[in-house]
Amino acid sequence: MMNNPTFDLSTIGEGQIRLTVNRGERLMSARSVRMNPACSEANVAGLLSQLGRKTQWSSSLPDGDLGEYVLSEYRSVGVNMDAMIRKPGGRMALYFMEPGEAPMPANVIYDREWTPFRATGIEEYDWDTIFDTKILFLTGITAALTDTTAQVVRYAADEAHKRGIDIVLDVNFRSKLWDGEHARRVLEPIAKMAKVLFCSISDARKVFGIEGSAPDVCKAIRARFGNEYVVSTNHLDGPYLCGPNGFTSYVTTPVPIVDRPGAGDSFVSATIHGYLSGDIKQGVAWGQKASEFAITHMGDLTRIRPDELHIPLGSDINR
Amino acid sequence: MMNNPTFDLSTIGEGQIRLTVNRGERLMSARSVRMNPACSEANVAGLLSQLGRKTQWSSSLPDGDLGEYVLSEYRSVGVNMDAMIRKPGGRMALYFMEPGEAPMPANVIYDREWTPFRATGIEEYDWDTIFDTKILFLTGITAALTDTTAQVVRYAADEAHKRGIDIVLDVNFRSKLWDGEHARRVLEPIAKMAKVLFCSISDARKVFGIEGSAPDVCKAIRARFGNEYVVSTNHLDGPYLCGPNGFTSYVTTPVPIVDRPGAGDSFVSATIHGYLSGDIKQGVAWGQKASEFAITHMGDLTRIRPDELHIPLGSDINR
Amino acid sequence: MMNNPTFDLSTIGEGQIRLTVNRGERLMSARSVRMNPACSEANVAGLLSQLGRKTQWSSSLPDGDLGEYVLSEYRSVGVNMDAMIRKPGGRMALYFMEPGEAPMPANVIYDREWTPFRATGIEEYDWDTIFDTKILFLTGITAALTDTTAQVVRYAADEAHKRGIDIVLDVNFRSKLWDGEHARRVLEPIAKMAKVLFCSISDARKVFGIEGSAPDVCKAIRARFGNEYVVSTNHLDGPYLCGPNGFTSYVTTPVPIVDRPGAGDSFVSATIHGYLSGDIKQGVAWGQKASEFAITHMGDLTRIRPDELHIPLGSDINR
Amino acid sequence: MMNNPTFDLSTIGEGQIRLTVNRGERLMSARSVRMNPACSEANVAGLLSQLGRKTQWSSSLPDGDLGEYVLSEYRSVGVNMDAMIRKPGGRMALYFMEPGEAPMPANVIYDREWTPFRATGIEEYDWDTIFDTKILFLTGITAALTDTTAQVVRYAADEAHKRGIDIVLDVNFRSKLWDGEHARRVLEPIAKMAKVLFCSISDARKVFGIEGSAPDVCKAIRARFGNEYVVSTNHLDGPYLCGPNGFTSYVTTPVPIVDRPGAGDSFVSATIHGYLSGDIKQGVAWGQKASEFAITHMGDLTRIRPDELHIPLGSDINR
Amino acid sequence: MMNNPTFDLSTIGEGQIRLTVNRGERLMSARSVRMNPACSEANVAGLLSQLGRKTQWSSSLPDGDLGEYVLSEYRSVGVNMDAMIRKPGGRMALYFMEPGEAPMPANVIYDREWTPFRATGIEEYDWDTIFDTKILFLTGITAALTDTTAQVVRYAADEAHKRGIDIVLDVNFRSKLWDGEHARRVLEPIAKMAKVLFCSISDARKVFGIEGSAPDVCKAIRARFGNEYVVSTNHLDGPYLCGPNGFTSYVTTPVPIVDRPGAGDSFVSATIHGYLSGDIKQGVAWGQKASEFAITHMGDLTRIRPDELHIPLGSDINR
Amino acid sequence: MMNNPTFDLSTIGEGQIRLTVNRGERLMSARSVRMNPACSEANVAGLLSQLGRKTQWSSSLPDGDLGEYVLSEYRSVGVNMDAMIRKPGGRMALYFMEPGEAPMPANVIYDREWTPFRATGIEEYDWDTIFDTKILFLTGITAALTDTTAQVVRYAADEAHKRGIDIVLDVNFRSKLWDGEHARRVLEPIAKMAKVLFCSISDARKVFGIEGSAPDVCKAIRARFGNEYVVSTNHLDGPYLCGPNGFTSYVTTPVPIVDRPGAGDSFVSATIHGYLSGDIKQGVAWGQKASEFAITHMGDLTRIRPDELHIPLGSDINR
């Protein structure tokens, strides 16, 4: 790791736009939809930034208003974009969402193919800027898009590993993007380099074929990949933290849902905030609170005041 | 019944417009209201149409935008309107609704008198088109409006019976429109001709004076009118199905309410879909799901995708 | 006239509710409409009240939220309602409006028949409270509704005349409510008692058969009925004032339209404000400004600050 | 007390404006906010007025639209404002509110300093009009603002006491405005003059240092100040009524929250309605219902129809 | 032509969804957008249907809510969809639009590539249903999308020609979709078969290289392709009609713009209505009015009442 | 000037929040208001940032959501805030605005006193960061607030002058904040140090007593203060540029107004962009276009795409 890197966390992922049907309406007769920027990796950076951390996000987005639309959201909370790639033309990744009041399920229509990000190769990224960081944050979503993005993720991991930067990987398996075996082949080498690995109990089974009780699965992941910490969510059970000082189980309280997307990213982000503060155990508890708060307001990026979590600001942390 | 009738279901009923106060506001200080078309019978036809059935609706509505407003809603889901009557001038049936967040009750202000539908007589309807159907669907609401509409409903039933068309009657007793004794006098002869009779446990008592345990009431209705099937809802208990193969009781799960009107019509509609598919037992279960979904979105007409009920499409059914 | 009457102006007219399609939408596909209280006579009282005058309005409205809805609008600007009649049940007068962006014309759908006001007779009004006023304001609209309301208006005029109260009549001919000959028969005797008569050039022709150049018509009206003042609007020409000190012609400046209804009432109201201040000539100029401002915001009642007209407040006027 | 006073209740308090973030949004990224008038004392008067009582409210507000904005809300439900003071210039008391969907807490940002009300002294009020009442209603909020407002409240109480007017005091302790000891010093003499005292169990402890079980605290307050009635709320327990005929405990049912502010004022108001009807015991039950309904719709002033509480109208009460 | 064909007009074209930024907002910071169905060819059919004509539209759209969304719009005005093709999966054609208040230009971001319609071949259409019509309406837009759609359009024209169906072609050149030479190659043979040809003065130059004064261009088109009628718009000049009875020039009045898309389609549609009525000269005048009205309300499909054009209804026309 | 300063422009000014009544509504009856961040100086920085320049803004704002609200707006377009001061507690500067559809005037209610910015002194600013810039931008607004802010502005100017940084001063006289003589005393020394001086013809008269024809005034300003460039707006005439290469007069085209605030700041900002590009003459033309576009969308900060002005991006400029 560089001495005194500029950023606490760097990440790479595709910016998207979400179009959401209003409460009580159906997509097939809607006359207006809410619109908001989205990006799992940028959500993690954006929440950390609000908690006082220095973060940056690299993506590859089409020129023009739709790209600018996504950037300005994350820029507004202070995420650095010096390593952002803009492409002339090309379409924006989109998704439509009908939230679905219970018991009606949410309906998501993805429309994220044929975008520039999918074809942006290793040689186009500004790696020196990206690697000027304590943590490199990667997800299975980006690795899943195309062979090209899988290569980008792998290169980032290999090179960060070489440079002594902490790798944090969120497996985040999406069955609509790839299958478990494919995911395993791509993610396994990266998982082995990860200092902190986020892998849900169900993803552990689907991607890595690890079965058993939830605590056992969490421990088995750590045993298999040798991570310092493994954090596993498990729907309404858990989450679990497994690290050098043993295993911790947390209790999740279900909360009413206003807007679901982004809750998982908030969990990851606040957990990383704890890790950066030297207390990931506390971080997971912050993560629970952050994800609870995330679903009470609209948008993929969680908007939060640091004092809402009763957590120390990045700049206040004694190290 | 005609050979190969064009429609699966024909129905007659008055189109209305609902004006609804927004959540968290009171009618007495509202500045805008939601507006939507409404009609119990057209709701039944409209949901069936979305499920792949051929349906038609006949009504008598004033010329001009308000009438067109109601028609275009049901036309948008494919309900045929070749037998629609339009009148020069005349007012539109309306109702205001303040939904009332619990524990505040909903408040409904009806304003549906003096409309053309109430005075449209037997001789004005296009019966040949109406009777080009497998099922004729009638309700107590239409029968309750005026003597003229009662005659129309009775004529439709008698004539359909003569032509061998299946009659489905939904008693749907509305105490604000008539009293139980009046309803009994008008509906009893029609009930006796009905192949499928929808009559809630409470309507059975109020209209037909049938008392007893809910299952007994359902069976007693069938015994009294000789229907092939009787379907009885019972608030949060039931519903019950009583037919040639015996009695079935279902379990209702309460769901949060976004917008109540139309749920009962959706239940009836999906049940009829089952009946048309040769499996009314499955139909009642579909009806439960359809009515649960109905209250999760606004509008009297339920908007649904066929696959949301995991039900076979009309055109996919092997018979 | 009583010594020191409580009110500057009393009036009688039917409260209504307007439902207006939003800009850029058409009624036949609207999903929400703006809602606002309406009443020509109450608009006049309500604007005067905002200008510092004491006013009251008497009407006959159904009990319940819709009646309360209309009352609270005019009560909010200080119109007194001690002589208000409420009826158990009965429907509310309504009208739908599609404003129509130019060159599309506005489309209005009236739905104001069968209301309690139409059947409320002379004996039901609280005349002592109504006549505790300097001015009694009457309009042709109320006189046009039914024979009963025509009798109420005539009784009010006769009795006010007897008591020495100034009568102000706004002819306000509505061809959808009655024809010119009928209007003449009812309004002529009242016009003769009016101290101030508002009659547009076109109404003078249609109702009273007075033809000629606009200024001549204005003068002819005064000659015929012997009013102290006659005020005549003439579309984009005029208005004209004809009084004991001669004839005055004003210049109208067209302004962009946000919401049209109520502009005429605002003109009348501010003109009366001038009359009450002893300077009706200034009043007509205030009326022009009030009606210009009226069409810049939504709602039938014009909301205005006294200083917006640069006019002396009622309480500030030296007399 | 005067013979036949004009008003059932008079009160004094500062009008405010609330700016509220929409559901599912966060203040830090909101683009529009709901706006509504607010004033604890006017809320009490305004609900009573809707229940058929004659009420008046005195305040001191800046001239211009923002002052008028607040007045027109309470005027719309019939609160008399003959004793209202308007000041040239000066700022309006405001507060921003982010409601916070559970489990996120509500966030309130007060901005109510440097307003004219805080500096309006005893000599500026129109006491003769204010004291033309059966009940004078005072709260700890007004007493807490400044020394000047504390003097106004004290003077009002002393003088009402002298004139034989019933004093009703709502302690309503706000720790952000003053501390318990300060509140005790100011409120104790007033509490001793109060016929009816509203003091929550927790305020009793914080302000008057009264500890013990909830029922004991309620009784101890009455013993200490010698009020005819003491009414104590206790979060989700209670409320309690303690009077000459003994002690009554009520059961509170929690209801879903749409908009919280104003619920306490509605409780107080409907309880006073009972007191005025000669049955405060029933009044507390009405108060529970009023406060339950209050939180189902937006705005600080609760909008209610008299029949919604199944309570006798003011004008129907036999006295 | 068949004897008594079912439809007055059949057409083929791709359904799209438009997402529009609200007035006064910019795309790069919008939080909600208006959404509406769009399709040039369906707009023509939809307006004709509202004018009383029988029309049908064939397209190829993905299964699911977004496809259903577009269909229900045109179905709601009565366009028949018996020849509609639905595809499993596939993306929907979209476009974003920032309307741009003058002098800011409108900004449109197309996102309509990779859709099923582009790959749907001749063999997939239900030609017998499509050709059961008096008029086949084709546009250059559909021909421009891909080689496959160009073949479909050509096949449709050839086959309609063979069957004696009137072909109406709207050149509608879109330089973002293809270049003039390419358009000429594809459209020229179709233009030669067209009974009525819509070709703007500017398209005539760009596609067919026809230069000269506007009237001369219009005549030259007719001379070159031998159409019965040529209709040419020319921005704010014209339009021009050239037919067997000579040349007619019309005067265009500019009107304020609320929402631009769809105006040209409305012009074409109402002109065809005239042609079907045997009076295309009147039709062009109707077309002018229809397009003026089109831009006063939102949505690509113009919503119109037949009487708004003061035009004979389809059913009223003597033939 | 430093070699290679980090920023193109630094500025100091108070962040505010604007609350705006919706079109067609009046403040006194509004139920919701639009909310947006505002700050004249930050608007200038924010537009420059969108044009590709590096800018920073320093202010002194209360901790909490309202402060964060303002910062995130300007941060979203890339304005650097490393020199931002946050204060515990304190109120936010606000203003209410009723836009007023013509001919109704706009009504603004300022509420910006008693804020932390007014009391933030020289010693609290991070001058080294602020002075790491090519241009220091100052306005008369900040100088006008209090003696403390006047001292801050003067100190900034003196020190920048010493360090060789270009000073740009926008006189921006606000008569509600101070009088002309006071403004002259404070601004004159700063004007003399300004490289570029923005001073409208009317401000020149009110503040500096310079009379004469518009072009003469512009030249006289330059003669008096010795600036390199003077830029003078003059309502709908002008603007004028006066520099070493002589005098240039521009022609202003009036455009329809959607939202007025911020137009002047956009003019200044794009003019400075030209100055930074070495072509202020072009800059004034860009300024005209930027201010025209500014009033077509809502918000004080103009949102713009660089290519909308057809202007070279900051990074594209050859120097």
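Observations on the model:
As written, the chains take the letters A, B, C, D, E and F, and residue 1 is the first residue of each chain.
The definition used in the following text is that a contact is a pair of C-beta atoms (placed from the backbone, for glycine too) under 8 Å apart; a residue touches a chain by one contact, two chains touch by 3 or more.
Quick caveat: nothing in here was measured; it's all calculated off a predicted structure.
The fewest steps needed to get from subunit B to subunit F, moving only between touching chains, is 2. By the document's definition of touch, common neighbours of subunit B and subunit C comprise D, E. Look at the CA centroids: the one farthest from the centroid of subunit A belongs to C. For subunit E, the chain with the farthest CA centroid is D. By count of C-beta pairs in contact, C-F exceeds the other of the chain pairs C-F and B-E.
A turn of 120° superposes the CA atoms of subunit A on those of subunit B, with the angle given to the nearest 5. Subunit A and subunit D have centres, each the mean of its CA atoms, that are 48 Å apart. Spacing of subunit A relative to subunit E, judged by their CA centroids, is 45 angstrom. Between the CA-based centres of subunit C and subunit D the separation comes to 39 Å, rounded to the whole angstrom. Annotation for subunit B: residues touching 2 or more other chains are 26, 28-29, 31, 64-65, 68, 72, 76, 305. Per the contact rule defined earlier, chains pair up in contact as A-B, A-D, A-E, A-F, B-C, B-D, B-E, C-D, C-E, C-F, D-F, E-F. Remark: subunit A residues 23-26, 28-29, 100-104 touch subunit B in the complex. Residues 19, 26-36, 64-66, 68-69, 72, 91-92, 94, 96, 98, 107, 109, 111, 113-114 of subunit D are the ones touching subunit F in the complex.
On subunit F, the positions that touch subunit E within their shared complex are 76, 253, 255-256, 258-259, 292-293, 296-299, 303, 305, 308. On the subunit B side of its complex with subunit E, the touching residues are 64-65, 68, 72-73, 75-78, 305.
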